[in-house]
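Note that subunit A is present in both complexes that follow, paired respectively with subunit B and with subunit C.
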Partner chain A sequence: MSRTATANGLAHGRPGLWRLLLNNRLATLGLVLLLLILLLALAAPGLPLADPDLTAPVDRLLPPLSPGHPLGTDALGRDLLARLVWGTRVSLAVGISATLIAALVGSLVGLVAGYAGGRVDMLLMRAIDTVMAFPYILLALVIVAVLGPGLLNALYAIAIVNIPFFARNIRGITLGLSRREFVDAARLSGQSGRQILFGEILPNVLPVIIITISTTVGWMILETAGLSFLGLGAQPPQADLGSMLGEGRKLLFTTPHVSIIPGVMIFVLVMSVNLLGDGVRDLLDPRLKSGALTRPVARTAITHQVPAVTASAAAPRLDVRGLKTEFHMGRQIHRAVGGVDLRLDEGECLGLVGESGSGKSVTALSIMGLVPTPPGRIVAGSARLQGEELFLASDARIRQLRGAAVSHVFQDPLATLHPLYRVGEQLVEAIRAHQPLSRRQAEERAERLLKQVRIANPRRRMHAFPHQLSGGMRQRICIAMALANEVKVMIADEPTTALDVTVQAQILALLRQLRQARDAAILFISHDFSVVSALCERVAVMYAGKIVESGRTDAILSAPAHPYSQLLLQCVPVLGDPGRRLAAIPGQPPRLHALPTGCAFAPRCPRAEADCRHLSIALRPLAGGRWVRCLHPLLEEHGSA
Partner chain B sequence: MPAYIAKRLLALIPVLFGLSVIVFLMMALIPGDPASAILGSYATPENVARLNRDLGLDRSLPEQYLIWLGNLFEGDLGRSYSLNRPVLDEVLERFSATLILAGSALLLCSLLGLLAGVVSAVRQYGWADKLITLLVLVGISTPSFWLGLLLILLFAVNSQWFPASGMYAIYGGGDLADLLHHLFLPMLTLSVVATGVIARLTRTAMLEVLRQDYIRTARAKGLSERRVIYHHAFRVALVSVIPVIGIQAGFVMGGAVYIETVFQWPGIGSMLVQAISSRDLLLVQGGVLLVTVAYVLINLLADLAQSLIDPRLRR
Partner chain C sequence: MPEQPLLTLREVTRLFGGGRTLLGGRRPQVHALQAVSLELAAGETLGIVGESGCGKSTLARLIVGLDRPTRGHIRLQGDGRPTARRVQYVFQDPVAALNPRKTIRRILEAPLIHLLGMERGARQRRVAELMAAVSLDAQFLDRYPHEFSGGQAQRIGIARALAAEPELMVLDEPVSALDVSMQAQVLNMLDELKQHFGLTYLFISHDLSVVESVSQRVAVMYFGRIVESGPTRELFSHPRHPYTRLLLDSAPVPGKPPLGLDESDAELPDPYNPPPGCAFYPRCPRGGVRCRQERPLLESKSAADSHTAACHFPLETSFGNP
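The block that comes next holds the complex of A and B.
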């Protein structure tokens, strides 16, 4: 019966879920096995089986494959096959009934507690917590002890000890749901509490009930069998799988098959339930769907033939050419970076600007192979650090460069610092990963670094955990970490976005000073033109994975050539009035798995014309070393004016 | 940290109160005349009179509870009529055997489960992951009492590598080696399911952690993958697995009921089964109380261990 409940829930949920479930091979196997066992149990009265209770002392303890007794007989000469089928019937009936009782009562408790809240909630949950403070099986034993041994009492006992699982899960969901608008709406429309609970909330809670059923029903079958095994459940002449096993146990040394066979049946039954249950849970639990839980490997996969380096005299600090990075999600391919060129010289600071989703972060992470694989992969291009091809470097070499020659500062320092280690330890770790220093020496160096990033009282701060520091302080620590070794290129990915305005200004000032002192090149990524203009002399604007405009910051600021740059500039907060921010660009960034032909910005562009939608558009030079990817730029092309 | 421990200890009081009420009510809710139900076939007039006096069965329920609690604090859990000795003595004696069995099983399943979970996550979708996932599935679907029988058949009857029952050899033995020899099979059997559960949750926890930003930071620092996984990721995963281990302690101590029966281990689990069969309810009550308190304390330890690792929890 639990199976039909599952079926209803699936049908309620989304169409096609059945098909998805059947796509899961293991779940299908479980379903088929379970159906077979159910059929066998249901059909038992009609099957040509011997009488399971017919004793025949002459035929006692026959081995399996004896004539007339395919599985042999037990100590009283009863046919084991018949007893197995009938025992399965009893075990299934008890296990499923226990599940339904637990689901019904537990869900009711959870619904009421979650919906009523306050005192009712507290009292109910206290009671549930107390029940859960007992070791699971022990509480069942107590109940059987009080009620007396017997199959029905074992059923109650197992049902009762499983109520808390349902109550807790369902209460959590109900609590969340009862604050949602549709519940408020129902309340305003004058529906009674009961109507809301069963009409509005219950349908939404159903998947959770089904998940809980599918994860507990196996246990319940197992535990009722266990109680019977101990002689506390089914009493002779009644028999379930557990009591058959318990009786057979006395003959273990002489005729093991009497106890082995019912055990195999329990195992197969529980296994099929668990297989199906896992499938159902994966399907209904959104957190587990769409391969969300795949582990990224240490370095982004590079799938193309990377051109070998030809020696050149004056290689720039960082030279990225034709970089393409994709995300493969199921059958979709998201082209996050679609051919990007970047060049960064000594002591230079390049700003990379664009909306979120424009590919600027993926570009930056691709350089040192920090894009998560799966699903990301680099499919074209090259990245050279002072002439050394990074996409051809060994993993060991990349590890050597990461955090030393090329370091990163990320957006949210609370999420990027390890929560369980003191910041000093993290800093020391970064230093010692690249320099053969003793712990003491590394600590001294860490202290100097903290001074450099203007942290007062560095020695004390080193003992703090990240959550004990302010956001600005945390970001200073991250910057110190990025400076820990001889840094050549610092990649700063929205380092000030998570901070408030004054702290933002301090961090920018700090970066500016450090750049002068260290002659490191900085790749500075931001969605905010004003932040970039405070630090970078050159800027590249990205849209839909491509650079659409690049040039000197002041030139682009005063006269943008690309319509997108212009709109982006209008989003800059008005100086002296930080509260005022002009309208965001209307429309949505394009979907990266279905990029339009022609200009990706065309659907949102005020200057778009028919030709924009067909032609693929190259980056073309403008006067003053500027480049633009637009057929109808706001400035005339170099030489054509 | 001391303040945190004090807070946790204080929070224990209502839980222990709730437990004691339930365990007490267990007696009060027995249908029929409690004295004769508790005494069963030992219900001689003297025994009934003595029990009525000891438990205050003629008084109101709250009064009975207070009497019971008072006795409890004096270490008096009543008398086992089937064994004719104080419940406390019997229970404590049995408890040490259970502690050895359940403790070693818990240790084993934590180590194996964590190891398997980490390997499984690190080699996601590789053959090791697939094998572990399969073993976990088989493990958590296997009835432990049946597995115990199979192991006895394989290793005690057919090959005689390990003894099939008891805690010490009847003649000779009695030393640590003898104990370990007897312990091995029941410990293994008892830890199978919990190992599976812990492995599964460790795998999920590791996969979740490996996607976090601070893991990207660790890689961006140029740390070796080994250090990233065992130093940075595992520690965080451990924080979420520790409470699971605490809960598994309950399953292991409960599962000991089966395993002790199968292997005739002289612990509290096999005692409970015998006590229920002979309707020696005071013995049941005493045994359940002791094991449950132990479970609560183990969870307290898990709680403290968790906050020891995660400074954010120490508040």
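The block that comes next holds the complex of A and C.
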């Protein structure tokens, strides 16, 4: 859940599209070159150029930098500079028009096929397949042969040949979009098929069409040049880059500049288009938008001076102090974790409760440096595993501990398990990554682990692929994997949220059993108080990156001290008590890049007073080993009473 | 029957797949919904409970008209207006149900234009009313969906459903994608809207405590069939079907330790090839030979009893859950 929260934050904190494009140096270079060429081509009629088609046999094959002919002349004495500029104009016009025609027709075919589905889709796509079945250039040649040579016919040929490219791309996207819920919603709003296709789906497909255009224009210009080179495009005396190249070909060895000059122009033009096109794709492609372009490093960056460890004999299993983790996005700093202390003893289970965006998952991921950098970084605090400072440990040591002494179980087992490997292989790999066992021994160990997590017939299950197992079974495999290597601390991040209630009950019972049997400490993260109370003796409630209350679960359940804990308990319906009016928490959680001063809950708190809004509030002790971060708690403070 | 129910489903079955391949082989067929009969009186809230894959969402899509039943029929009392004007749908994932490239105003105006044919001026007034009804500020109207939190997006989804002035709202897991603090806001708001507009709700959820708190009657679904239905209080305090019992025992309650229930790792039956007898038989602690061979029918203990269960050996004694 918090992952989507950060993704949303990312979309917000993103600088404008233009700035992002200009950040990409190669794309900027492409843009500048392309703009220059476009300007030149557009300005051609106004430039003081010679007539490109005027032959002058006396001046034939003049070298570049000749007086009156800066780039020299060709075999008929025509000015090469003039022909180059006019030829570029023609090539660009044909290439771009062909792309636009192909985009229009191809996208239309793709949209209709993807939306209509069934027979319409079948017929349209088989027609497209037929076009694709012919070798590209051969088909273009055939079309030109039928229509007759000429620039316009070459344009048609290239457009037709490229329709499938658009149609297939757009169909795929449309197919996915038309199964989306907002399309159902539009249908229920009474919109007709055409209104949905062009009003709802098209705006969402548009970025893909633009990406496809930007990546094909260059290719289309090349193809135009190719057809003209073969004499099927521009007809003499009209100049276009391909025909200029074709005419210069015969003279390549005697007067190379006649062919090299248009060749270089084609190269620069196509290169600039492609560089820009790649830049545009990086910007608009939804798959790259999520931050895939910023490759995270293997471990979260730690930017502060971590205090050295003073060895102590009775160190707890896990001791986190003053942890602060931030996400730097654009100019915004999202303070996801703002100073968290956690302590886990042997065989203990601590529940971390909070809503999405409260920082509970980021806290858990920070411990082993699993928060992606960029944009995440740990800016304060320490985390000690049995006295060993994790924030000072080497990368090799962290790798050794990950999945062994400290292991994770995540919400979605289908996303955690590799879909292409059998679960047994994955388990064996996890074991052998940390223990010097033979394959055979590791397999035996894996089988024992599966038995421990109560999977019937473990030997057969080892050969199953993740998709062949039910959700509960998959989560058991993930738990087995987390137990595989002498686990000291298991971090379970909403491990039952994606499961059905009956399966959830089974997994909770299993975790309870395992904890007793293996005395591993568990950090159990959930948004659901009732799930946490089923497993954990102690619970810590998080809000806006800070722990606002902690203590024994039963004590907090029966008498919460922080107003937020109380409301959190009162706002969920309880089975067997349906008549109770739900206490809704008014307002919205605060934005992590603009946290209020003072208590972050004050704007929503029924007990807030003036002092809540400007003082920074510390965790203070209450009776019974409880702590609360509140100036006006629901319980008396320890000692002050 | 004192009064005609608003919505009646008779033996509604929905199969997916089937038919023949090009070479004449049979395509596999999934039984998503099998002979479901339901009645919904005007003004009531019927809760539908079940786990993933039990056919809840298929049922919802059939009722709102996004899909058609393979067999059986669905009838709305007093036909006349088209279904979309009388029955509206609230989606589970509030953000996915809003087109990311349209402003809230355009999203809310769509039903007003296409279903009600409203003029521009009337539309503006109505959109403002709708926003007020779901307690959102009218200044949000020109923003895009990604700028909203899940709870706010779900209010917009509810406002859109209200726009068509429906009689029946099908709420498909309307709060399960929301944070707990937002859940209560939305549940309370749904309750107020129901009073205010005289709506009828079909409330689908996997969360028993939510269903218990909102509905007057509940139907429990398992594997495409209704296995038990009855008045909420009665059904939750005296479940007759062992599956309902299992669901109730599995639901986490603050302060209650988990029970080591249902240790059998029996899976759901194969939906391509439903068993002849009771679908719950492999997981059932009470099953007998008869359960494997003969499918139990949805029956009540007496004619006057509206509490029905499809079980050969229903639970008789009352359990906890006072």
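We take it that the second predicted complex is superposed on the first by the 466 of 641 C-alpha atoms of A that agree within 3 Å, B and C clash if a C-alpha of one lies under 4 Å from a C-alpha of the other, contacts with A are read in each partner's own complex, and residues count from 1 in each chain.
In this text, a residue touches a chain if its C-beta (ideal position, glycine included) is under 8 Å from a C-beta of that chain, and two chains touch if they have at least 3 such contacts.
Only a predicted model underlies this, so the values are computations on that prediction, with no experimental measurement involved.
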Which of subunit B and subunit C A:P307 touches, first, second, both or neither: neither
Which superposed partner A:L275 touches (first subunit B, second subunit C, both, neither): first
Partner chain in contact with A:A225 - subunit B first, subunit C second, else both or neither: first
First (subunit B), second (subunit C), both or neither touched by A:P70: neither
Partner chain(s) touched by A:S530 [first = subunit B, second = subunit C, both, neither]: second
Partner chain(s) touched by A:S356 [first = subunit B, second = subunit C, both, neither]: second
Which superposed partner A:A133 touches (first subunit B, second subunit C, both, neither): first
Touching both subunit C and subunit B, counted on subunit A across the two superposed complexes: none
Subunit A residues touching subunit C - in the complex, by the definition given at the top: 8, 11, 180-182, 184-192, 195, 200, 203-204, 355-356, 454-456, 470-471, 473, 500-506, 508-509, 512-513, 527-531, 533-535, 553-554, 557-558, 567-569, 571-576, 578, 580-586, 588-589
Subunit B - residues contacting subunit A, complex: 14-15, 18-19, 21-23, 26, 29-30, 121-122, 124, 137-138, 140-146, 149-150, 152-153, 157, 204, 206-208, 210-214, 216-225, 228, 232, 235-236, 239, 249-251, 253-255, 257-258, 261-262, 272-273, 275-277, 279, 281, 284, 288, 291-292, 295-296, 309-312
Footprint of subunit B on subunit A - complex, ascending: 126-127, 129-131, 133-138, 141-142, 144-146, 148-149, 218, 222, 225-226, 229-232, 245, 249, 252-253, 256, 259-260, 263, 266-267, 270-271, 274-275, 278, 293-296, 298, 368, 370, 372, 399-404, 407-408, 410, 412, 415-420, 429-430, 433-434, 465, 467, 478, 481
Subunit A partner contacts - residues on subunit C that touch it in the complex: 51-52, 61, 64-66, 82, 84-85, 88-89, 91, 93, 96-102, 110-111, 113-115, 146, 149, 151-152, 157, 160-161, 163-164, 179-181, 183-185, 187-188, 206-210, 212-213, 232-233, 236, 246-263, 265, 267-268, 321-322
